[in-house]
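Below you'll find the structures, each written out as structure tokens.
Across the two complexes that follow, chain A remains constant while its partner is chain B and subsequently chain C.
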Partner chain A sequence: MSIDIQIKELDEQPAMKVVALKGELDILGGKEFGKIILPLIAEGNFNLISDLSQLEYINSTGIYWLMRCFSILREKGKTFKLVGIKEQIKEVLEVVGITKIIPTYTTLKEAIADRKGIK
Partner chain B sequence: MKILKMEITPDFGFVPGIRSCIARVAYGFGFDDREVYQIETVVDEVCNNAIEHGTKGDKKIKIECKFSNRQIEFIVKDSGGKGFNAEEIFEHNLNLLKKDLMGELSALVRRGRGLIIVQKLVDKLNIKTGKDGTTVRIIKKAR
Partner chain C sequence: MSNDVDNQLKKKILELLTISDVIKKLNLSLDLDIGTIIDTFLQSSAGLFLIEKSALILFMDMSKTTYVQDNDKNFEKEINEMRGQIEEIYLRLKEKQGCLLANNLEENWIKSKFRAAGIELLVPMFLRKELKGIYLVGNRINKEAYQKEEIDFLFAFANQGIVSIENAHFFQLLQQHMKELVVANEITAAINAGLDTETLLDMVMGALLEMLGAHAGFIVIFGGNKEVLFFIHRGLDEQKRNTILKSRDTAGIINKSLNLGSDDVFTFYTESASFAEKDIFMDDSKNPSYWFGRCLFIRKENMVGVVGLSKKEGEMLSDKEVSLFLTLTNQFVMIVLNARLYELAITDGLTGLFVHRYFEQRLKEEMSRARRYSYSISVIMMDVDQFKRCNDIFGHEIGNMVIKKVGSIINLSIRKNEDIPCRWGGDEFAIILPETDKKGALILAERIRKNIEILKFYKDGKPINVSISAGIASFPADAVDEKDLIDQADNLLYQVKKAGGNKVFLK
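Right after this comes the complex of A and B.
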């Protein structure tokens, strides 16, 4: 299993998209994710939420790709949020402090409702 | 004690199967879901490091797992790379983690979190490295 990536535009202003990841964000999945998401956010002008509720596994390479998204969006004055992280994945993210850097939420509704940082 | 040995050519494509295999076996030795996931993570990080940093041509990477009741010992040997100063790497990566938390963009977008993750999730971590390659030895015990 590698990674399945689905991108959806939300009916929100300012512009917001959700990228839902299903599977494993490891070296192989991360490469795939980077290939799809980086050009999108580099060229686009939207806030991004990553729905991780169906993500089964992440490693340090996967974390690197999430941090790249966060950095690029932050430089553009946009937000990047994580939603629905499974407990075991959350533990790994906490070990390297990611949950203190990238805002995390239990549900998509909460992530959308929090307008902090959204211009 | 049960022993599982593998020898692989350096190919990232092997790693998902290796980590799943070892994780499944670990269930039979007293580890719970959370600990098995941690084992899977550690196996993944160490194998990926060996493939990325420790290979010369097609020289194989050796993996050995020793399972006993409520304990796993996991050893990965590569024969490539130039060796590295493990302590320096750890210190460097910990400093980068601090910069992460301060929001320094240059620190955020870099690799190098893998060894920190491994160190935090295991009971013992030993790295021997030199011009003949690197051996990483890990012990993890079930709580």
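Right after this comes the complex of A and C.
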């Protein structure tokens, strides 16, 4: 039904941001997410971590938006990671197979520590 | 093994949920625009199968028939360039009634085109056995091939999606048709209400701009001598208006369209524009735009018009919009003809002044206004002195020339669009002067009298002197109603005649 999006800059080098999603990433939520995150990624030059610990629901459109973030960042030579995914969300992501593409972590600390792919 | 089955099951459930989710959303709001519906469809599919690029092409009468995932303009261009190859596959898809893998195509050249564009699968979208669209599915982010079950799902999903798309399309058409009916009614009512030609033309222009999504437009109508009878415009600044008017004589938009010699729709792009015209091929935000329009031949009245509308480049007209354009511009012709007919009915052929009947109608209206707003109104009754004698001596041809000249002087002397001059009959003239008292009427009458007095006519070297007599009456000073007003003025005119003519009398 609705989504809350919070973006935080991390004190890391190279540049890294965290986008925390709260609520539902569906048709409407995804559109809202895209409206905010895409221009940011297009203009910026940072690696992105998506904190999904407060995400209650995701459907295929939501997955589309995660995939899109990943593709754009990959093209820019940047990384995209998912963190804190709830069990029911994780199941959906695994069935679709996106967890094989986008790295997932239990905690933010782990995600930051893994420097693979970070230039 | 059971893990595999478990996964398959979960996937199936997810697919079903997706269909129900999306279709529920799409069918809930009838007035969702087609772009949103298609985006939803493409995004759901993409999310479910991790499709990196995809597109949808439609075979429907719409202004936009190619949609791509992510609104990627470069990919959209690529797909549009491939329309020819895609339509070649059309029949095969129709026969097969199922999906085609690009790799399995026989023609190598088409196969390589698809491969280069990243398209792996062609999914036909059927509606009532007709092929209404093709869903072009590209490669997946995990590079995996599409399994049979996945292809089957995409086929089912796409054939659900096309129903929503067509519903939205029909709803849009319905709304458009309703709008057209409303506009046609409004214009007809306005014509019947006797609104002036310029207002009517402006109404139709407004309707055209709104319905066809144009940001600027003009209609220019030329009379027999190339003189501009009407120039209605919207969304054009002074410089652009000048560019358009000048293009009658240069190799510009008006000249080019008239030279086409037909009333079919023409389209002009910026490439064909001369340097002097470049400004009209851009909208106010400097986006490139193009012009489309048609000529209007009103042969019966020796008039010709050009209607032009400007849209942003890339925004083409659908067949329905072209048809609407033709209907509405035909209205222009009707309006102008109607105005012309009315003009002919109320003007005297020789002098161009109004006829007696119109004068009476207007006097009634002006008296009513004068009473309501408590102001004066004056009437001047005039006739040419010794006119019968002039006719007898010099002939009717000279007589007509005199009448015409007197009429012209009256026309030039009055306040345009305020005073109402008429040829009362034969050699008699009358003028209604709204919001004018006796003093004001006298000034005008005297001016006319003097200008006629100094006229010089000659026949066979013999000079012809022309003069007029005039009587003035005013409301409420001299008369209580229309008849009284005319009678009073007429009486005074008679007295001028008795006094030798070439004078103006008032009470």
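A few comments on the model shown:
Just so it is clear, the second predicted complex is superposed on the first by the 118 of 119 C-alpha atoms of A that agree within 3 Å, B and C clash if a C-alpha of one lies under 4 Å from a C-alpha of the other, contacts with A are read in each partner's own complex, and residues count from 1 in each chain.
Everything that follows uses one rule, which is that a contact is a pair of C-beta atoms (placed from the backbone, for glycine too) under 8 Å apart; a residue touches a chain by one contact, two chains touch by 3 or more.
If you're wondering where the values come from, they're calculated on a predicted model, not measured in any experiment.
Placing chain B and chain C on a common chain A by superposition gives a clash between them. After overlaying the two complexes on the shared chain, residue contacts for A:Glu75 are found with chain B alone; chain C is out of touch. Shared-chain residue A:Tyr64: touches chain B and chain C both.
Of the two partner chains placed around the shared chain by superposition, chain B is the only one that A:Gln88 touches, whereas chain C remains out of contact. Within the superposed three-chain model, A:Gly30 lies in touch with chain C and out of touch with chain B [touch as defined at top]. Residue contacts after overlaying the shared chain place A:Val96 against chain B and chain C alike.
Chain A uses residues 26-27, 59-61, 63-64, 67-68, 70-71, 91-92, 95-97, 100-101 to touch chain B in one structure and chain C in the other. Touching chain C in their complex are the following residues of chain A: 26-27, 30, 59-65, 67-68, 70-71, 91-92, 95-98, 100-101. Those residues of chain B that touch chain A in the complex are listed here as 12-13, 15-16, 33-34, 37-38, 40-41, 44-45, 48, 97, 100-101, 103, 105, 108-114, 116-117, 120-121. Of all the residues in chain A, the ones that touch chain B in their complex are 1-2, 24, 26-28, 57, 59-61, 63-64, 67-68, 70-71, 74-75, 87-88, 91-92, 95-97, 100-101. Taken together, the chain C residues at the contact with chain A in this complex read 7, 10-11, 14, 17-18, 21-22, 25, 40, 43-50, 52, 70, 141-142, 144.
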